[in-house]
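Each of the next two complexes has chain A plus one other chain: chain B in the first, chain C in the second.
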Partner chain A sequence: MIEEYFVLPFIIGLFVLLVTLAIKYVSWIVQLSHIDKLRVLQGFFTRRTLSAIKKIWKECLLHTRIFKTNPLLGYMHMSFAFGWFVLILVGHIESYIHAESLSVPPWESIFFRYFHHEHFVGERFFAHFMDFILLYILSGVFLAYAKRLYSRVFGIKRSTKLKPKDRIALLSLWLIFPARLFAEGATASLYGNGGFVTGTLGGVFSFFEINSSFELAMWWIYSSSLGVFFITLPFTRYMHIPTEVLFILLREYGIQLKKEYNSVSKIQVYSCSRCGICIDACQMHHAEISNNQSVYILKNMRDENLTDRKLYNCLLCGRCEQACPVGINLNDLRISQRIQASKEFNSSYDFLTYKNTPQTDVAYFSGCMTHLTPGIKESVCAILEIAGINYLFLDKEKGACCGRPLMQAGQYQAAKKLIDYNRQQILDSGAHTLLVSCPICYKVFKDDYELGQINIKHHSEYFLELINAGYISPRKSDNIIVYHDPCELGRGANIYNEPREILKKIGKFRKVRIEKNQSLCCSGSLGDLSLSMPDRNIIKEQTLSVLLKHNPDILATACPLCKKTFVKGTFIQVKDIAEILVDSIKKKTALLPEMENVCE
Partner chain B sequence: MIDVLIIGSGIAGLEAACNLYESGKEIFLLEKEKNVGGNVQNWDTLFPDGKNARDIISYYMQEIQARQITTYLNTYVTGIHKCVDGTFEVHTSRDIVFKCKTVLIATGYSLFNAERKEEYGYQIYENVVTSADLEKRFAQQSKNQLPNGKPLHRIAFIHCVGSRDEKSGNHYCSKVCCITAVKQAIKMKQLVPDVEVFCFYMDLRMYGPGFEEKYREAQEKWGIQFIRGRVSEVAETLDKRLQVKAEDTLAARPFKLEVDMLVLMIGMESQASTALFQKSCGLKCADSRFIQPYQHHLDSNATNVKGVFTAGACIGPLSVFDTINHARSAAISVSNFLAE
Partner chain C sequence: MKKFGFTTAQSRSIDYDKVNTKLIKYIIENESSFSTCISCGACTATCSAGNITHFNIRRLNIQIRLGKYETIKQEIDKCMLCGKCMLVCPRGINTRNVIMLIKKGLTTLDLSD
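For the complex of A and B:
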């Protein structure tokens, strides 16, 4: 039957889609490392698969995380994903019931109303139900139109820019459901098999006395828009729809990003829906920088046209990663690109010579930044002495850098040398605890040092333990204190409560409007070496305006770099937690004779 | 209605006051501190010839007393307001409102707070001092010893602390610190001949009369070592000495140096009151936060606000003799304006 050729665009589209996806996915999975493949095999028949399916249901279909950011945007995504899913599922069930068999070609299910006009069991129910779902999707389509026109209503101040092929895909997606409505409406007008929506539209069509060629034209449009969308899908951002499923599965099996850019990275890159939520999270736009946000970087990674300028102009604060509804590791992805892009510089580090490390219980590594803020260094040592801890100041004289700034710059090989050097020293000391007063060091110790049994503690964690165990007892003052979460400590290492616990014990702690995992970056980050000082200052001032809104007496932080950055922007006291703590202890012990005199 | 209200009685304000008085103007002087003299009071000797700073102040004291110029001490300005008729109302902390035809701002500069460059350890390590602290010690003649009584063997000066430093927000040169460091280094050598002196600099800007000669003398006669490179960090040793980490950028070599005392050559910053003037009468400030002169060449004392003039370092870092010259020209500018 010649009229039925209209299904061809759909069939070709579906075929191209399935073949392309199969080629891409198989090649990615083949490229997984041996261990990762084992992880997939071993994880497959466990609860992990079930939990992955649950997450796929929640994230890919219901989009609960977008809902949390913005209900309207969440509804839009949910109507498309969940609605379409139900439409396909119920459409197939309908055709199976009608045929009383499971061997129905896919186009018969998709274009069911065109092929079958006769009555069968449940026919009315299906007609109304399918119409209801179609209406639900159309409400989402309507929102999508509106979003392009008035993006602010959706809480998105800045939206992503589109390219021609994205436009084609977008238009075909926008066309699919209205086309289906018109096609089914036309059929309903001729054969009376519509539900409450398509039937009503069919009534309108009857008024205009449409004929079967109009009906066929509508089905052609529907089929063609499906076909175009399927063909463009693997080459546009809509690739995220199937890829996110794969991403969630692999993540559940414990497969993580590596330092180098590989197929796991690609799966993450292709899972980006380009929703643009990360653009608003980025503070760079205060300095009118609007080309380096994660969504653009991922797009450039996909298209393989990423420039150094964009790649390196990022503070690596991680606010976009926190906001990303898909949960892509945006920071690590960017660093993996930096590793690829950076050449090996002169980094032999031959001058680092191993020396015998004295034995100790607690090894204190202050790091370069703490050496540049001696107030913090002195305070940490003072507290350790008051508490009577047997400690060794590991990098007091000739310390090597922890390696994190090099890591952030993509100088992975160079960083590795420093890591090996420091690691040996830490292990040789026989310490059970490694105390760190800089979140930048802390992050790399936790992530890359492989120190085995050694407890790695940031000073805020360690001092809270000392307080709780009664080694030190601070006195509460009347100072109003606000706390700034350093990026590397908060989002980087998930430490939010310990610093707050300490501050509550030593002053009047006040919350700020944007805090914890949403907290703003101080702009001093070593992750960006290209951002100009005036631009940094703009970002810093914006952050300070949030922190200092209620005129605190002290702005507390737990990172020497944040402290250094803020000191130059305000006359309010900026102090590290260690410094405030030592003040509160010293005030109490001031009446006691000094330790040194007693010793003499 | 008075002719000129002079804000600030440092050398700029005093010099301008004397000159304006001579040309028959009715003037008042305001001073926020309890005595006149401004920043020069903190100085012992002045480059290039080692003139005693106290002599300058006492000279001006006599001049002011001789002319019976009215001076309000402990009085600071809370706002300058321009009236419709072009005159000014200046509000002060004493609840006195001064009505005047012109305002001459001679508020000078404030010293950079070295605690903001924490890596140098000022107020954390005992033996880190600023150039201003050292000058006070010279004045008290307690020069050849550390506060704890130990003798000095080696000291270092760090140039450009809070000047030419984007990170501290001051990208400008403070102009006088290079020659001050040379002056203080020579003085240290004169007081303690055996002391080793190092100066860490970025560039040396010996722009004034006799400066270059002083610099040469410092090297040739006194053996002071000038090292091009900024100090990266400072740590304290157990015996309270200071370990300085730096790079000799001419030799391309990083190195460490232990010294007994570290002197930070702190730069000049705009006074906090400048921002207040900016707010209350729309005075235009440069990027450096100092007051922007109306014209650099022909009208450097005028400002964008008609009737408001400047004298001295409120327009940017100036040496003592530059300040005095600028104040004299201010007097002429104000007189000309009042004659119109």
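For the complex of A and C:
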């Protein structure tokens, strides 16, 4: 009887794990807002639960999204998650069939081969099948060892830095399956109940004439590694395994991240597996900055020791969010922390006074950045004039900022004041369309302004409509044009095709190697408050080297801030879509003199 | 200096024996680029808030160095963080971070003499 004490580490570990998980789950769910709780209740008995289970199967067990990043990395994760799941499931079925009842204690299912050596129906099948699954997981373990040595093969150039407790958890996880192999091999050697792998290993052990104390030692190691892993799990990155399940369920019930940091945010933070895929996506490493990538920020958020310097040092370009295999809202999480950090000093902007707005069809809001690049606003006005649109230049003089830069800095309450002010003006104008020439403004108009029926259009969208409707007709030139996707327009507002459509009509459009949702940031982003100018320049040069690889005549973009940033770094013409478009129309129609300075 | 016929306007001179330097030290500690400011005023010329009000970042710089925290408190609330100043700054100063640091410093630091 005393021999069977080896199951204790496993039982203690499992108990600690289940109690800690229960405490965390209950506290998170209790902290959900009232509406979110209702969402869970309403969604629970609908098809959403089924679709969540399907996604849990695909993402948590099969890891299909990691497969897309790198097949080898995907295989490694799948072998651990899916393999282990099958091992536990089939192990339980095996013990139920053996006992011909469902009341089998968990340790008997897990350590089945130690307890039962006799023959029963299907015994050979289970022995071989379980061996096959174990072999499958072991191939993953082998890959995990190899990944630490040659991470590049797995598509990962830089890996996460580990803390001591992470190492303990990692080592125990690495030990579990080899230990199981040796333990079952030893038992197979003594009692001949092994499959094709453990049986063969048992044969080797028989050669060395092992005894039952060796066998017991092996089972002790196996049980202890399980116990250590279970106890460390809730306190290390492996907490993502149970949390991701909850995250996917809540996401399916329509529960979204709020501006404030709350329990939904916490569930997202704990769902991070610290796989490190975001580290390679981040452009900061060009400037040798390696402490502020999302994986580290989330770790700091978990441990509640995030410093301002790290928090504000992020371009909010969204490349990491795009790459994240779990689908965590990394940008919004970071902004929620910024809101938390700066909520004590929001401005009131009392100086803004409402004034009468003239009536119009199209309201044009250029935004601060377009005012800094007058060529763009003049081109936009010129095109509107040529097309004969009845428009109003909303912020021609004394315009207020749209509020997005404040939002990015976490000054949410202050941004609300500017939003209210601008919103009133836009609604008062009676316009059916709001035209915006800056993606930064565009994003905040779309996401936070609640403008109701008003069509919000970025100028690339609007001008394409004008071209298609025949209001303006550009002339195609021989210029080779490449296009840079602005972060806020591409990943931020999902506009990729309209600018390309326009450019294809006015020049020879060329693709670049990294584009669309993968596109690089120009480094001018207002999302970053503490990145120094020299570091920004390094990142900018890197981005330019990708964009200008094939020596285009024109580097086109659709954001005044990207233009302003790039202009300082290259001799090749950097132009906004509006500027290129107006050039091509002017060449065709020779509407030159009276169209100059239409904005003045 | 007076001996040589030069005079200095009181409002423009900083007497380091008397001024309260807590805020400027805090800012430079966290955003060292601020110490490279040459007071050219490009930031103020382009400023969106300055277009609507009398907000003046260039003057703010002197007031921080003079330790006039009451004036700064009233002024700093006008900034909308739009970032134009950062783009025009010939010294590449992270002006938006400076503004955030001033705001944070004013609310969290003990600035009494």
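We take it that the second predicted complex is superposed on the first by the 586 of 600 C-alpha atoms of A that agree within 3 Å, B and C clash if a C-alpha of one lies under 4 Å from a C-alpha of the other, contacts with A are read in each partner's own complex, and residues count from 1 in each chain.
Just so we're on the same page, a residue touches a chain if its C-beta (ideal position, glycine included) is under 8 Å from a C-beta of that chain, and two chains touch if they have at least 3 such contacts.
Only a predicted model underlies this, so the values are computations on that prediction, with no experimental measurement involved.
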item	value
Clash or fit, chain B versus chain C on superposed chain A	clash
Chain B versus chain C as contact partner of A:375, first or second or both or neither	first
First, second, both or neither for A:122, with chain B first and chain C second	neither
First, second, both or neither for A:529, with chain B first and chain C second	second
Which of chain B and chain C A:347 touches, first, second, both or neither	second
Touching partner for A:71 - first (chain B), second (chain C), both, neither	neither
Chain A: partner with more touched residues, chain B or chain C	C
Chain B versus chain C as contact partner of A:254, first or second or both or neither	neither
Which of chain B and chain C A:409 touches, first, second, both or neither	second
Partner chain in contact with A:399 - chain B first, chain C second, else both or neither	second
Partner chain(s) touched by A:564 [first = chain B, second = chain C, both, neither]	both
Chain C region in steric overlap with chain B, selected from 3-11, 39-47 or 75-83	39-47
Intersection of the chain A residues that touch chain B with those that touch chain C	371-372, 533, 564
Residue ranges of chain C touching chain A (in the complex, touch as defined)	30-31, 33, 46, 48, 51-53, 76-84, 87-88, 92-94, 96-97, 100, 103-104, 106-108
Footprint of chain B on chain A - complex, ascending	371-375, 378, 396, 533, 537, 563-564, 567-569
Chain B to chain A touching residues, read off their complex	116, 118-119, 121, 124-125, 166-169, 232-236
Complex interface listing, chain A residues touching chain C	308-309, 312, 342, 344-345, 347-349, 351-352, 368-369, 371-372, 397-401, 403, 405-406, 409, 411, 418, 524, 526, 529-534, 561, 564-565
